[in-house]
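Scrolling down, you'll hit the structures one after another.
Okay, so chain A shows up in both of these, paired with chain B first and chain C after.
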Partner chain A sequence: MSFTEGVFYAFSAIMIMAALGVITARNPVHSALSLVLTFFATSAIWMLLEAEFLAITLVLVYVGAVMVLFLFVVMMLDINITRMREGFMRYVPFGIVIALILVVQMVMIVGPENFGLEQFAEPARHVADHSNTKELGRVLYTDYVYPFEIAAVILLVAIVAAISLTMRRRPETKYQTPGKQVMVKKEDRLRVVSMKAEEKEK
Partner chain B sequence: MIDLAISFWEWLPQWIQILAENILYIVIIMVPLMLSVAYVTYAERKIIGYMQVRIGPNRVGPRGWLQPIADAVKLMFKEIIIPTSSNRYLFLLAPMLTMAPALAAWAVIPFADGVQLADVNAGLLYIIAMTSMGVYGVIIAGWASNSKYAMMGALRSAAQVVAYEIAMGFALVGVLMAGGSLNLGDIIDKQAGGFFNWFWLPLLPLVAVYFISGVAETNRAPFDVAEGESEIVAGFHVDYSGMAFAVFFLAEYANIIMIAALTSLLFFGGWMSPFASWADVPLLGDGFHWFLLKTMFFIYMFLWIRATYPRYRYDQIMRLGWKVFIPVTIVWIFVEAVMAVMQIGPWAV
Partner chain C sequence: MTLELLNYAVAWPEIFLLTMACVVLVADVYLDDENRNATYLLSQLTLLVTLVLIAVKATSASETVIAFNGTFVSDALGDVLKFFIVLIIAIVFVYSRDYLKDRNIFKGEFYVLGLFGVLGMMVMVSANHFLSLYLGLELLSLSLYAMVAFDRDNPNASEAAMKYFVLGAIASGMLLYGMSMIYGMTGSLNIAEVATAINQMGDTNIVLIFGLVFMVIGLAFKLGAVPFHMWIPDVYHGAPTTVTSYIASAPKIAGFAMVMRLLAEGMGGLQADWQGMLVILAVLSMAIGNVIAIAQTNLKRMLAYSTISHVGFILLGILAANNDGYSAAMFYTLTYALMSVGGFGMIILLARAGLEAENLDDFKGLNQRSPWYAFMMLILMFSMAGVPPTVGFWAKLAVLKAVIDIDMLWLALVAVFFSIIGVYYYLRVVKLMYFDDPVDETPIEKSRDMQIALSANGLAILVLGLYPAALMSLCVSVFS
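Entry: the complex of A and B
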């Protein structure tokens, strides 16, 4: 077994254990953290495939941003674990059916008849200074520029929709306008009043 | 004897050779780094002391030089108290999760021409990914301690880091456009030619945004609402004691050194000398000492800022991150695109 294979099996084992942890952990925070570990191991495996740009972007986007917000929300939830345990048995048959459908779908697509070395030639190894990032960028911005831009616009629409759904106008809230605060002059705020000193009462 | 050692080395399997060699390099980077972390804490207390017209630590060793060692020994022998209602494993995992990314990012830093642990193609991206992971330690610490103050600190920190990371990422997109590569070595090579060829000049707004976001990202004053001792005691690490607290403390300083080193690498030419035409004069040519000097200057800036500004209010922090920094970076990226088309500055052919 070569070193690369050893690394591959080590990270695959971590990934599978962590993925199992996501669905078996009782505590949702533990689940979310297992998912972080899963992403991490996945990115290590992508790195072995020479997809360094995608691997690091996976860590950057999913681990660094998406999962932070996930954890943020999950930590705020007030979850009663004993009640969740009661509901578990009720949903088991339903869960098994969905799991079976997923397994069948996966076997149909990545089964031995359309996947593996017989169907695809082994990808050629590139030299060490081959820039995967540059390659990806060239393809994205030339051959796939329309799908890429359309995907970007759809995401933008989703952002705008999410914000407009959750935004509430609150006229009673007071806001500061720092521009105004900076521009304020002494005359606007301060009034010097000349007063005569009062005489001492006799 | 030497022959025996060499033949023993060659007898080892290749992967052990690679492993041993890399561990040696890691030790060579880590030991000076940890020492500098210890002495940055001393420098901070001393410099802020002088800025506030007092002496600072001067009792342990000559002029207080042994103060960090004394602190480390004290913290090591203190008891680590684990709160009974805390989540034990996550509570102990959190300090490590803060420390690990702060150290891992050093793997791709070029210290001098060609001197780096790993010459990665996507080095800049790797650094962004690593620095973005530091927030986990804070969030997990806040949640696992099962305390309201710690939770408040963690939530504040998470929101703040997510906000400033975007501005930081956009600033680095600017560097990427100027450097034309994600490889840190290439980015420095592109800055060759002395002080006015470094990226700080064409990317001036981005330097400011990057450095200030760096201060916010490391939770340093004036952005230290995650600790905010006047409101929430000590924020996310309120329940930590002894070595567990020390690891948080060390990670904060390791991150400061990291941001300072990155600012000098990406915008101030790294190991390049500012006097390109005097390269033959000893010490004025390129070399590691320039990188060290620049990094030390930016570490000093961190301390200077801390001694100068009062803490921001939370909504002001958010406003600065989302409404000022992000628009500034986006506008400057467009300006850069125009400069690239017009072939001005680093884009001159």
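Entry: the complex of A and C
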């Protein structure tokens, strides 16, 4: 087993363990942290595929930004785990059967007999100063400009959807407007009522 | 690469729609609630101009053009489907206004998301690449998830949106996994290149079949074919009725386009494999859809199960895997979208502030309240059941003929058997309208444009049933 193979299997094992951890951990914070580990192991495997730019982006964007935000949200929310796990055990046998069938199928099909070196030649290694970023940039705005634009529209829709679902103007909420408070005059607030003085009871 | 290679002129309708959707989005921010009508009118104007652009493009240049470096295809099939998608969403928008106003959710986001959804459908219809197909699908789905959850104070809608989102994400995952398998084997994401690669490899390649299975599962989820139909009744029921009419109509046309692009164009070489899968899906959909619909007392749920059975019929046409079958399925899809939008339009017509009018009992004695709309509902129900002289009859006939032509007589018999079961629940609505006494005597008050559109919708189904030749020949010409 060569060094790269060793690295590949090590990171693959970490990735699978961490992915299992995401769905089995009792504590949502642990789940989120396992997901971070999954992303990290994935990016290491991408690095082996010479996809350096994507590997670094995955760490920077997902691990660095998205997951940290996610952790914050998880910590803010009071998630009742026992209620979420209601009915979980009932579906476990069914889920395991489906998962087993899928795994067996994948082992049978995504193996060396279909994707081995006899079927697909090993891709040529790039030289050390080969720029991954430049290559991506070259096709992103030319060959793939149409999918790129649609992806941009999808992000726009996500923003519109998120804002329209969460932003509320509550008319019943009371808040202060200092500008108006300063402008208030005595006449606006105070009304002097002239009353007859009460007579002393006899 | 030069700009000429992009060939972007064939995408004018999409470009215009995207630009205008952004304009509507920005303009809506500056409008007060009293002027919200302007958003509506601007959205309708956008759809109208898009419709004209599609028609102009279809009549001026009907030959197949590949654009944007093979990610976009402009052909006769795409033009016709896009025309109907835009037309049907324009009808949905007409129906939506009063309903949304009654519920205090007459907001610009509905129209903005609706326009983006139309863009997603148009991208799907013209996809010539797995990537653009998937992105179009996600654009549509994301808009739909948000539209279902749009009525925030309604817990049913939130639940429906959550279910739709989770199941939709699983379906997208399935579809992507299938695509990645096909990509691994063929080395291309371009649908035309995938088709040639598959033809060279033959239909015994196990990896291709493995990928195909995942893709068919993804497609079945999105179309709502049994056994991947669980989300349909809950989403149709939980969503605001205007959103239901959106989901139930035009996205089915886009779904048909997706099946055509992936299975018929991309994986024609594996036809023997997917034909068998579609047979199973079609038979199960017709059986479960028609039988469970009988037990429903809620009209939206009933129409949801009826959708499932209609999807079964559409799949019948596609699995015939020849031009007759494809044109029959296309005719069925287009007319079904028209019937569906009319059916939910009737629910919207009877709904008012504080009443959803979604139960079968709400239709009791409609004939005494309004003979004209009872007649419209009668046409719609007859058409869904497939009773002549409505257009639903011709759609079913064309599909059954295509199935018989490929020597699958048993399948045609099964289809007829289950559609006869289906007639029961459609006729039950007619019985309630004509032979029962109304429980609710409130007069029907809806704005004039909605009344005209709904009447035109109902009459179109009757007129198309009397003169089906024009639409039928259009569907045939697309595939010849």
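What we mean here is this: the second predicted complex is superposed on the first by the 130 of 202 C-alpha atoms of A that agree within 3 Å, B and C clash if a C-alpha of one lies under 4 Å from a C-alpha of the other, contacts with A are read in each partner's own complex, and residues count from 1 in each chain.
Simple rule for what comes next: a residue touches a chain if its C-beta (ideal position, glycine included) is under 8 Å from a C-beta of that chain, and two chains touch if they have at least 3 such contacts.
All of these numbers come straight from a predicted model, not from anything done at the bench.
Shared-chain residue A:M75: touches chain B; no touch with chain C. Within the superposed three-chain model, A:A32 lies out of touch with both chain B and chain C [touch as defined at top].
When the two complexes are overlaid on their common chain A, residue A:E52 makes contact with chain B while staying clear of chain C. By the document's definition of touching, of the two partners only chain C reaches A:Q105; chain B does not. Looking at the shared chain after the overlay, A:A18 reaches neither chain B nor chain C. In the superposed model, A:A41 makes contact with neither chain B nor chain C. Touching chain A in their complex are the following residues of chain C: 1, 6, 18, 22, 25, 67-69, 71-72, 107, 109, 112-113, 116, 119, 123, 129, 131-132, 135-136, 138-139, 142-143, 145-146, 149-150, 152, 184, 206-207, 210.
Taken in their complex, chain A has these residues touching chain B: 3, 6, 29, 33, 36, 52-53, 56-57, 59-60, 63-65, 68-69, 71-72, 75, 129-133, 178. In the complex of the two chains, the chain A residues touching chain C come out as 105, 109-110, 114-115, 142-147, 150-151, 153-154, 156-158, 160-161, 164-165, 168.
Contact residues on chain B toward chain A in their complex (touch as defined above): 14-15, 18, 90, 120-122, 125-126, 128-129, 132-133, 135-136, 139-140, 143, 151, 154-155, 158-159, 161-162, 165, 181-182, 319.
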